[in-house]
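What follows is a pair of complexes built around chain A, which joins chain B in one and chain C in the other.
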Partner chain A sequence: MPLKRGHLPMISASAAVAVMLVLACALVYTFSGARPATAGGRTQITFWVGWAGKELDVIQRFVDEFNRAHPNLYVKTTSIANSYQKMKIAFAGNDTPDVCATVWTHELADYALRGALTPLDEYIAHSTRRPSDYYPAVWETYKVGNHIYALNQTMITFFMMYNKRIFREEGLDPERPPRTLEEFDDMAWRLTKFRGGDSKGELKRLGFAYGNAFIWSIAFGTPFWNPETRKIGVDCPQTIRCLKWLKSNTDRYNYQRLRAFQSAFGNASSPNNPFISGKVAMILDGDWYRSIIDEYAPADFEYGWFPIPAPPEGRTASTYLMSSMFVIPAASRHKDAAWLLIEWMTSAYVSCNVHVGKSPGGLPSLRAAAAEPEYREPYWQFVSAMLSSPNAMPPPKFPLFERFISDYSRMEDYVLSNVKKPEEAAAELQRNFQTEVDTVFASIGLQDKREK
Partner chain B sequence: MRQSISNEYLTGLLFVLPWIAGFFIWILFPLGYSVYLSFCTYDGLTAPLWVGTRNYTRLASDEQFWKSLWNTVYITFIGVPVGLFFSLCLAFALNQKRRGISVYRTIIYLPCLTPVVAMAVLWMWLLNPEVGLVNALLRKTDTFVAAWSAGMLRVPIPGWLNDPLFSKPALILMGLWGAGGTMLIFLAALQDVPLSLFESAEIDGAGWFHKQLHVTLPLISPVLFYNILVGVIGGFQYFTQSYVISSGTGAPQDSTLFYALYLFNNAFPFWKMGYASAMAWILFFITLGISFVVFRLSARHIHYQGE
Partner chain C sequence: MTSPPAYKILRSTGGHALLVALSLIFALPFIWLVLSSLKPASQIFEFPPSWIPRPIQWSNYPEALAFIPLIRYTGNTLFLALSGTFGTVLSCSLVAYGLAVVRWRWANALFFVMLTTVMIPPQVTTIPVFLIFKQLGWVGTFRPLVIPAFFANAFFVFLLRQFFKTIPRDLLDAARIDGCSHFEVYWRIVLRLSRPALVVVIFFTFTAYWNDFMGPLIYLNEDSSYTLSLGLQQFLCQHNAKWELLMAASTLMILPVIILFFILQRSFVEGINLTGLKG
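Take a look at the complex of A and B:
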């Protein structure tokens, strides 16, 4: 039937109403956070991970195993690799996945203090897991206040590595790395090479690329945080000594020249890695470096490892712990099933088998798993000793750690560039950051009162 | 008749309703809400807490806020004029009827097709103080100049992005790489200038320079004004390049910490959405104020052909 002119407004109005209805439904759907809770009669568990590529394939293999073992559950894995901002947005919108392995150790306090995570104490109490199953420092990493909020598979530890060939070439004993800070500085200078042999000329090789004040401050004994008084402990003699030590060394090499030399370092995950290519003789990095060396270094690449040297009054065998963690967001709709997944993914079996390359990607956090034969070689035994050290340190449990690290690097940059004195810079960081932390605690405290 | 008008009116209104609803929900409400948040501490997880004007008073004593503002003013008031001048020069050079000129125009415009992130990474290597092409050229020049002047003259070899003195000039240099877009707009305007006016000027005895100054510039002044305004607004939103080259830190010594980067860092990595909202509103008023000044100052110097 041909359309008459009078019909048009009615049809248009109907179409507009239909459009509005669709829009309204879309809005309601969006704001309600509605997602299918079941898939083929099975309860769907949403699981966010930060891995991609081969690593994601390995994780998915274990998720598939879990799905096969639980006919009433179905875990849907989503990778948010390189877009971790999504985590904060999901938490802000109260539309989180049921489980995520994307909260880093340094972010745990931020989420936990704000009540965004589910405490795992009850689940752990009813499981076979006990604190003694873990390295003490690792167990400490999972805690915020008196509650456990996370578990993980493998922990990253920081220590020193050195190139044995360069040691030999420079007349140093390749089996005897430095033991004291003085020895370390002397060796670093001896291993440094300048073009044309002129120490004022261009750098050809560095003994050590001085920097990373935060990790060195751990070795120097900076207390960082007092949970009782909720006070930051940066403005202290230990930090000042650390900054002065870093400055004296960077002055010796010329800070600008050091920075310029470092700026030409190749990608760590490539054959141009400065340690592998011999541009740096000693490095301070995480235990994951082993997999980089396995993948990119020539077969005859010789390297050794040793603890971060400390001054006499500092912390010996100190290390910093870092890892992405498995957590259950407070808004998770399937917490019991989420716990089952976490229990499985952090089990000894999965922790031992999550590696992609020829060798393990990290030492399992569970002692029983770390005792497996593949971790008996000297490298992993050393990592185990580092994890067992009383000076193994998780990130301090104050909020805004990302801000803190940013401010710490800034303080280092200003001191080493000779713009600020160590005392002035440390006092400034202490003052400014304490204000930030106080504001967060005040807002959390005030909200608690308001809810009551 | 009245019935059909009201039907049409209603129908029209219903059709634009999705847009109006979207505008209210996605633009107007967040805009208004950010005003409220700028007077609160808000971390995204817990409810916003009213703190009055504290965010604004803290900004006044925030060293990084002032540094980021200074860096942004620098890139806007030095980078934008330099970029416009360079684009205008290119447009003049390419506004000729010669064989193969379109090939040159294409070549100059091509870098604009490169994504900003890729361009920033490329320039990080070009300006690398150790292995960068720019310093390699400067070193060669230095050797030549030193030999020629018996060591009396030397060419400085800057640290570029590693040196707080040179990091912003390096970013301005990077910006010139993308001058093709503005150049194209200038070129279109230049080609619109009537030849008859040039001929009249020539009869009056005007040389090349005077023709450009008294004929071309007044006639392309609306386009120049548009590019200035867009450049100033873009300058105050400068973000991607600094985020890429400093991994979001603004190093060295906050010299590449631009306003938008510091705002982003406060909003997301630092969990200070309220503080970032206050910064956003200050930026809005600064941009508004400067745009107003640009409008007022340019009112007397812009010549629209229709007028």
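Take a look at the complex of A and C:
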């Protein structure tokens, strides 16, 4: 059909619009492509970390030193800024970095059992690192089955801290913290203040915010996991005793009143931190809390520390170990280079110098590094003693452990809020979680109970 | 001219007062955000809360700009938001036109199939989609975040299809009789009459891209390509958090969206002449 006079402009306009749209789409596609790598001919190693801000600057300094010392390698650091969902998806999609410091102790077994990590045994055997270089409990933390999958710089331990000024105000000896569970409960009650002095009134200060059943269960002796039989060990007298002890104390203070008081606590990483602001006299937390106190507490803030009290039949001087760790994903394209980076980043030199604030952020996992002058002060000597304790416990090595912690906390809530009895709650957790663990082991072909 | 009766004045005043009070309640989180952005760290989590910063710490803003490369992250976010909005509007309007205006046998059936995809939670498809993009070699680039926008969004297709169906058929048929192709009817008539619906799509798409956290987190592996939402996360370090700087950066991040809303708000309230027919 011939073009009619006057129609040509319409067709041209449509064609022009269509061409512009296609061009715009092409430009978008082009400019959304990959940014060029800046390795300059060197082998690029991708390294993911969870640190951000000043912490990342500190880590980057050591990465820069490594890059200068290895002219054929270039480590590209990327911060995932505490968003560990990215790690899970990267592992699930088998698109991981070459090396990362974003796998936590409680996740190690999950990744290792699924074959997502590279065992480090061969690398360690050919290096100067030995198990005897580390605290025994720390070395156990790195293992899943009979293989080592990770190393780290510093290991977090959990213990009690107390406000010495409040102790002094209430007539307690600030240099003599509680040693037994009974003393602890007694002191916690004495240090609690109510408005108007009436114990039925509104809370003004807590001696201790009872909770965190998982850590207390360690002190009470809960076994949690039997690697031989692959059975969860939660439904046991130790857990029941722990839950009943927690409940007796929360009932004493009134659970709802406790939770209401705790809901008004300021953020832990702020000057309104409840321990620093005097709202709680004693806390149970990790040794990294020292950096919060250094950052936000006034200069005259006095505090002390002591091991988690335990019942006579429990684990004395117990602690729980936790840390982010350096691992080589199984999908890493440069495993040898990744090991060189891990060896450097977990060395005594780097471990001792990775701290952002006035004092070290944690005690190095290497025993020799822990003997350095800056760790000779009483606080770090205490942390060293906790790491050396025969009751220092790494996370149990079964799959879905991260969810287990969350379910354990839910069990605690059920018991403390009178929804379920301790026996019922523990049995239900044991039953449900055992089924899930068995399913995971079956799905990854580990029905056979012999260790690989 | 007589003045309005007293009860009408009272009713109007009362109504406005109620609306202002409700607006303030809804605006409270934003007011708190802006006030917190001017506070020192010690006041942000004070209890009982203090509203007025003492002193007013304007330095939070330049410090926030220096803590992370905010300008670069803003540029990345703008590129994603503009590209994504362009792709969404283009693809959704084309698909909606095909389903609403063009008469073909399977249009309704396909529309219902497309609607069912709205019911699939994004968490279910995250890993399979990630695997697809990994196979394509797009992980680590902006492409997984931008290219899907050019393949239509079921919800916005639904929204635009319903709006296109309200355009008088006679108008479109008249244009076809006059020799317009489908593309010309779409471009010259349908799009021009659908401004309010398109403004809704533009605004919601832009806001979604601007605030998107999971997409950039999963697909971007270079610090230099991070977006504002990932940048804000970097204020929360493992051992401490810069809350006052985070509040300042959040205020800066939210401002473009507020400005965009006020610019586009007029299109929501302007009347249009739907029929375009005379006599």
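Operating definition for what follows: the second predicted complex is superposed on the first by the 407 of 452 C-alpha atoms of A that agree within 3 Å, B and C clash if a C-alpha of one lies under 4 Å from a C-alpha of the other, contacts with A are read in each partner's own complex, and residues count from 1 in each chain.
Keep this in mind: a residue touches a chain if its C-beta (ideal position, glycine included) is under 8 Å from a C-beta of that chain, and two chains touch if they have at least 3 such contacts.
Quantities reported herein were computed from a predicted structural model and do not represent experimental measurements.
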Chain B versus chain C as contact partner of A:361, first or second or both or neither: second
First, second, both or neither for A:85, with chain B first and chain C second: both
Partner chain(s) touched by A:54 [first = chain B, second = chain C, both, neither]: second
Contacts of A:95 with chain B and chain C, given as first, second, both or neither: second
Which superposed partner A:264 touches (first chain B, second chain C, both, neither): both
Touching partner for A:410 - first (chain B), second (chain C), both, neither: first
Which of chain B and chain C A:256 touches, first, second, both or neither: first
Chain touching more of chain A, residue-wise (chain B, chain C): C
Footprint overlap on chain A, where chain B in one structure and chain C in the other make contact: 10, 17, 85, 89, 92, 264
Footprint of chain B on chain A - complex, ascending: 9-10, 12-13, 16-17, 19-20, 23, 27, 85, 88-89, 91-92, 110-111, 114-116, 256, 259-261, 263-264, 399-400, 402-403, 406, 409-410, 413-414, 417, 419, 439-440, 443-444, 446-447
Interface residues, chain A side, partner chain C - complex: 4, 7, 10, 14, 17-18, 21, 24-25, 28-29, 31-35, 46, 50-56, 76, 78-83, 85-86, 89, 92-95, 97, 264, 266-267, 269-272, 288, 291-292, 295-296, 356-357, 361
Touch list for chain C against partner chain A, complex: 41-42, 44-47, 67, 79, 83, 86-87, 90, 126-127, 130-131, 134, 139-143, 145-147, 150, 179-181, 183-184, 187, 214, 217-218, 221-225, 230, 233-243
In the complex, chain B residues that touch chain A: 4, 7-8, 10-11, 14-15, 17-18, 21, 25, 41, 43-47, 49, 128-131, 159, 161-164, 249, 251-254, 265, 268-271
